[in-house]
Structures are given as structure tokens and as C-alpha cells.
Amino acid sequence: MAEAGLAELETLPGGARAALEAVLMVIDEPATSEELAAGLNVTVAVVEDLLQDLQREYSGYTVKAPDVDAVGFAVASSAPRGFELRNVAGGWRIYSRSDFADIVGRFVLEGQTTRLTQAALETLAVIAYRQPVSRARVSAIRGVNVDSVVRTLTQRGLIEDSGNDPESGAVLYRTTSYFLERMGIGSVAELPQLSPHLPGLEGIDEYYDASRM
Amino acid sequence: MGRSLAEAESPEKTPDAGASDARKAGFEVRLANFTGPFDLLLGLISKHKLDITEVALATVTDEFIKYIRRLQELGEDWALDEASEFLVIAATLLDLKAARLLPAGEVEDEEDIALLEARDLLFARLLQYKAFKQVAGLISETLEQEDRRYPRQVALEGHFAALLPELVWRHTPQQFAELAAKALKPKDAAPAEVGLDHLHAPPVSVKEQAEIIGYRLQRGAPLSFRALIADAETTLVVVARFLALLEMFRDRVVAFEQAGPLAELTVRWSGDVAEWDSSNLSEEYEETSEGTASD
Amino acid sequence: MAEAGLAELETLPGGARAALEAVLMVIDEPATSEELAAGLNVTVAVVEDLLQDLQREYSGYTVKAPDVDAVGFAVASSAPRGFELRNVAGGWRIYSRSDFADIVGRFVLEGQTTRLTQAALETLAVIAYRQPVSRARVSAIRGVNVDSVVRTLTQRGLIEDSGNDPESGAVLYRTTSYFLERMGIGSVAELPQLSPHLPGLEGIDEYYDASRM
């Protein structure tokens, strides 16, 4: 059935590649390759190939032919486009290219986020690496009360309530997929390793879990 | 990281400055994004350009206490949480200073081991804090870079929106109003409660503890420190009595005798009974304990 | 000055064309060529040339070379894209290509529920009782980021843009007549009074204004 889907798409102008592009135009949050495959009625493998083709093409890496210069328009099409296709927070989405941030920023005022304070950044870092984690524990690690900062981060949609600690009943926090999106990564596993910053403290997690506050 | 360390040092730049200069220094600390005792401790440690060793800690302890004192001289109002965190760190540092006096090697006493563990815990916490500070810097850079990309998030074109199935709507106006009331109710409406949870112990006044010690010692017989804290219900009371003794020693109303390292510490009354009053004690620790009590 | 602007744009990867694309790809409201020219700091004539180039390219009409078939990738790049640049009511915006309307429509419907989520309902309730109100304020009241929920409610025709806040310039939202229809009431004034449910509501505005971020 998925093969029939692909054959059907290829009859349209621009084929499956253009169909995928058309769908990418209307999504307003990252779409997984599974969702895209279902929508296009093709296999996930086909969609993933197409996505990678598009990603490369938008970034201007498609020039393979040796005689590019002979064909005027080909040079133009090998230049990077003004937008890029990225795989973030587990899904695909189109973004304006960062080179044009200043220009795009003049048109897109809203949604532009204000910068986080140092306190908010440090709290966010602790939550990102220790999630799910209670406010009390974040507070113990940071050495200051973090209640209001946690509220701000929640309002900004960067962290969220992820249920209660079965033992203490305290609310546990975790980062959101919006956080992943803002970081441009697919999952928290892609965050830089903490251990290089923590020399000789391999056992600290166990220590903390034992003396949990 | 480097920036905040430099900032944390700023209070040290104006030793013995005039009142207005000192006030300015304190004000600078607040503006300098100084976010708590760990920040300050890290700053002090890096200023001495030493590994976190016992030697550095002794110096750092002195400076930390000096810093607290300066803040109090400035009449800075501390947030309750900040003050209590400082108190905890100050108490730990005092413990550590005491632990430094222990001879290396034979450590048998459980209390000594506890002190060493407290030291290791503080080191571990500081290192961990430092690590998170560094990754916070990385996260900040990434967020800034990513902020330069804008996602396409346009409204659905009219003809697609029209395809959406009709919404199922089951709310009566009354139910909708209840929903609104719930959504509009202020969340976390009681900031007064915030941050009290971690105060496990009731507030202890150094002044009060000094009075207790004074009363016992003025009866004549010298007492061991062990005896003086025998009835202390919590560690906080022990810390308060220890601080009180330091204060009383400075006021020269008590004298210490100790036969050797790790030997029993004997405390003797040496002051003029008529003149001494616990209200003579410096306000150093008192302000915060009173703040704790009245809040 | 506009010429200096063009020279500057040409130093960026993809040049002025990519810069224009970047803007067109992320704006929600169609932009006029005057607005685009001002944002890019080039003349209107330059922008209009670029717009027409892009429009032709997206539609796959750039193939001029006679030897296209000889160059494999050129065929692909001359095919229409999945999106098109349209001039609607004097403004330019990128839309999904109409050839793919069926596929896009299927994708949009996939996973669509006929019921509003709890988050959407609560956001709608806040807007209904506090209108006209900005997203930032709704977000502060709800304690979470509401951007995507507001988009959903707008798409569903339950709320609409009602102009900008004179002070902050933020877009203000209000409920629509479709909302009244669904509620079975004639005007917002007929919504049940909140006070019985929310004692002490009088001070709530001050509370939120004080804690506003």
C-alpha cells in the first residue's frame, strides 16, 4: 500500500519530494518521520531518504555534477537556501537560516524570547541533567532557593511538572520538548557530557541519592 | 564562570573602606549576579588560586565570615532563604576549621569522621555546583545560537482549517465559568510559605545559648565542652553554643584549657560577673536568628 | 543606502535571494514588497525582481538551458517545489502548493481530535474572561507557555486578533462570534459571573500585573 502511495505521489509535479515539502509547509511543531510517512502514505525509510535529500539541498550541498558552471541556474540552486530543514526534539521542521537572524528578526518580533538570567540558566542546567528532580534537590545543588526561578522556567515552557516523587510526594520537574527545540537537539541524551566538568566525582550521584535532601 | 568569580571577589576590593564605599561594594555584589553562598565560596577559593585544600579552606572560612559581617554592617536585608543558607555554610565552614586542627592519621572519634565527611560533602557540592555553572554557560551559548533560527509556524491556510472536523462542545456556560475560575485562580499564591520547608530545625539564638552557658559557668566549676553540649537536642544548638563560646572568648569572659590535641576542652569562667551580659555579644549571628524567629 | 544594503546581503551565504526567502518562510502574515524592501534594506525594485525570480523558481519555470536533461540534478531543481510564493491582497507569503492540497489535507486531518484539550479549554476560558488580552498575560496567568494553544484556538475560529496593545504593541486576542454561537449565548456579557466561584477576584488583576514578567 505504501508503495502504491509512492507511485501516486510521483505522478504529481515535483513528485514525492515536493509533496513532503508541501506538508512541511503547514506543520507548526516538529513532525516525526513516522507522522510524515503516514501522511504521505509512504514508508518511513522513503520519507527519511527524502528528508535527508531536502536537508542537504537546502544547505546547498547537492552540487555533484562537474559541469555546474556551464549551466547558469544550476549555480544558483547549489547555493544554500534562506531556510533549513532540521531534526530537533524528535521531529522535523523548517527554520530560517541563522545567517539571516537579524533580518528575519525585524519581521518576527513576537516569539523572540528574552534572555534567561544566570540564576535561571543554572537552574535549567541542573534540571536538564538531573531530571526528574524536585525543587528541593535543585535548591540543594545550587545552594539557593529556586522557587521563583522554577516558576519562571515553567512559564517559559522550558520545564514542566512530571508527577510526584513516590517517596516524598514532592513535585518533580523535567525539561520539555520546547526546551529541546530551543536547544536544537533531538533528546536530552545529546546534551554535552557533565562528567568532564566534574573531575573525579563519578560517585557523586550515588552520594546524592543516598543523602537526598 | 570566570566572570562570576571576578564578581564575587568585588567585596574584597574595598577593605576598611568608608561607609559609603562599603555600601557601594555591597550594592555591587547584589548587582553582580551573585547567586548564593556557593558562588561566593567558589569565588573565594579561586581567588586564592589553590586547590580546595584544608589550608585554603581556613583562609576562605575567615573571608567568608568577614564577608557576612560586612553585609550585616551594611544593614543589608537578607532574604530568609539566603540567610539560612549562609548560616548552614558558615556552620559547616566552622566545623571544617575545627577539623583542620585534627592530627592527620589517627581519626577514630565518630565526631571527627563526621567532620571529615562534612568537609568532603562541601567539596563535592562545590565541585558539582561549579560543573553546573559551566554547563549552564554552554546551554546559554546554544540557546543564543539557536535563537537565530526562527521556526516556520504559520497559521493553517483557510481551506485546510475548514477541513477540520467540527469541535465537540459539551460545556454549558456555567461549566465554562467554573473552568475559568479554576484557570484564573492564582497559583503559588502564598509566597510566604515558600522556602520554609527546608528549615528542619527551629531557630536557635546564639544569644540565648550564650546566656545558658554563662549561667552554668558562673556557678563556679569549669565545665568541659562535651558537658556544655550534653543537653543539646540538635546540631544547630551545638553550633550555636560553639559560636557563643567563640564570642564569649573574644569578650574575655571565658578561658579554654586543653591538655593536647583531641583532649577534652575545658571551659572556665574568667570574666567579671557583674559586668557581663549576653546583650554585649556582637550582633554577628544574632540578626539572622532573629529574622528567622520573627518570620 | 539601499545599494549598500544589497552589497551587504550579497556577502551572506545565498545572498539577497536567500535573505528574502528566510523572511518569507517564517512570516505568518503576508508582507508587502515595501515592507520586505525596508526590512532587507534594499530598494522595492530589487525586492520585486527577487520575488519574481523566487516565484518562478518555486514553480519550476527556471529551466532555460537546452541541455537540462544531460545534467541529472538540474532536472530535479527545475521541478516545481512543494511550496509556492503567492501575492495575496498585496502581500507576499509562502504557501503549500495547491497540487498537494489533498495530501496536505489528509496530513492535517490525521491525528486531529474533535475535542479541545484541557490546556486549550483553560486558555480559552482565560481569554474569554480577560479579553482583550495578550498571549504573554495569558501565559502568566496559566503559568505555562500558550503560543501553540493560542494558534490552535485561532485556527478553530474560537478566538481572533483584536489589534495591538497601545503600550507593549503585543497582539491582543478576543473571542469570536463563533465562540458565542458554540456557547449558545448572545454576547460575552452573558457569560456567568465569576465572583461566586472565585472569591476575592477583585485583586487578581493587580496580582498578575505585579508578577508580570
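Per-chain residue numbering starts at 1, and chain names A, B and C are given in the order in which the chains are listed.
In this text, a residue touches a chain if its C-beta (ideal position, glycine included) is under 8 Å from a C-beta of that chain, and two chains touch if they have at least 3 such contacts.
Note that the coordinates shown come from a computational prediction; the quantities given were computed from them, not determined experimentally.
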Nearest to the mean of all protein Cα atoms is the Cα centre of chain A
Top of the farthest list for chain B, CA-centroid basis, is C
Chains sharing the largest count of C-beta contacts are A-C
Whole-angstrom distance, CA centroid of chain B to CA centroid of chain C, is 48
Rounded to the nearest Å, the gap between Cα centres of chain A and chain B is 37
Averaging C-alpha coordinates per chain, one finds the centres of chain A and chain C separated by a number of Å equal to 20
Residues of chain C that touch at least two other chains are 25-27, 95-96, 104, 108, 143, 148, 151
Chain B residues touching 2+ other chains are 150-157, 160
Chain C partner, complex, touching residues on chain B are 150-157, 159-161, 163-169, 171, 173-174, 176-187, 189
Chain C partner, complex, touching residues on chain A are 9, 12-15, 17-26, 28-29, 35-36, 38-41, 60, 62-65, 67, 71-74, 76-77, 79-83, 94-97, 99-100, 103-104, 106-111, 151-152, 154-157, 160, 178
The chain C residues in contact with chain B across the complex are 25-28, 93, 95-96, 101, 104-105, 108-109, 112, 114-116, 121-123, 125-126, 128-130, 141-143, 148, 151, 154-157, 182-185, 190-194, 197-198, 201, 204, 207-208
Given the complex, residues on chain B that touch chain A span 4, 33, 35-39, 79, 81-82, 85, 89, 121, 124-125, 127-140, 142-157, 160, 188, 191, 194-195, 197-198
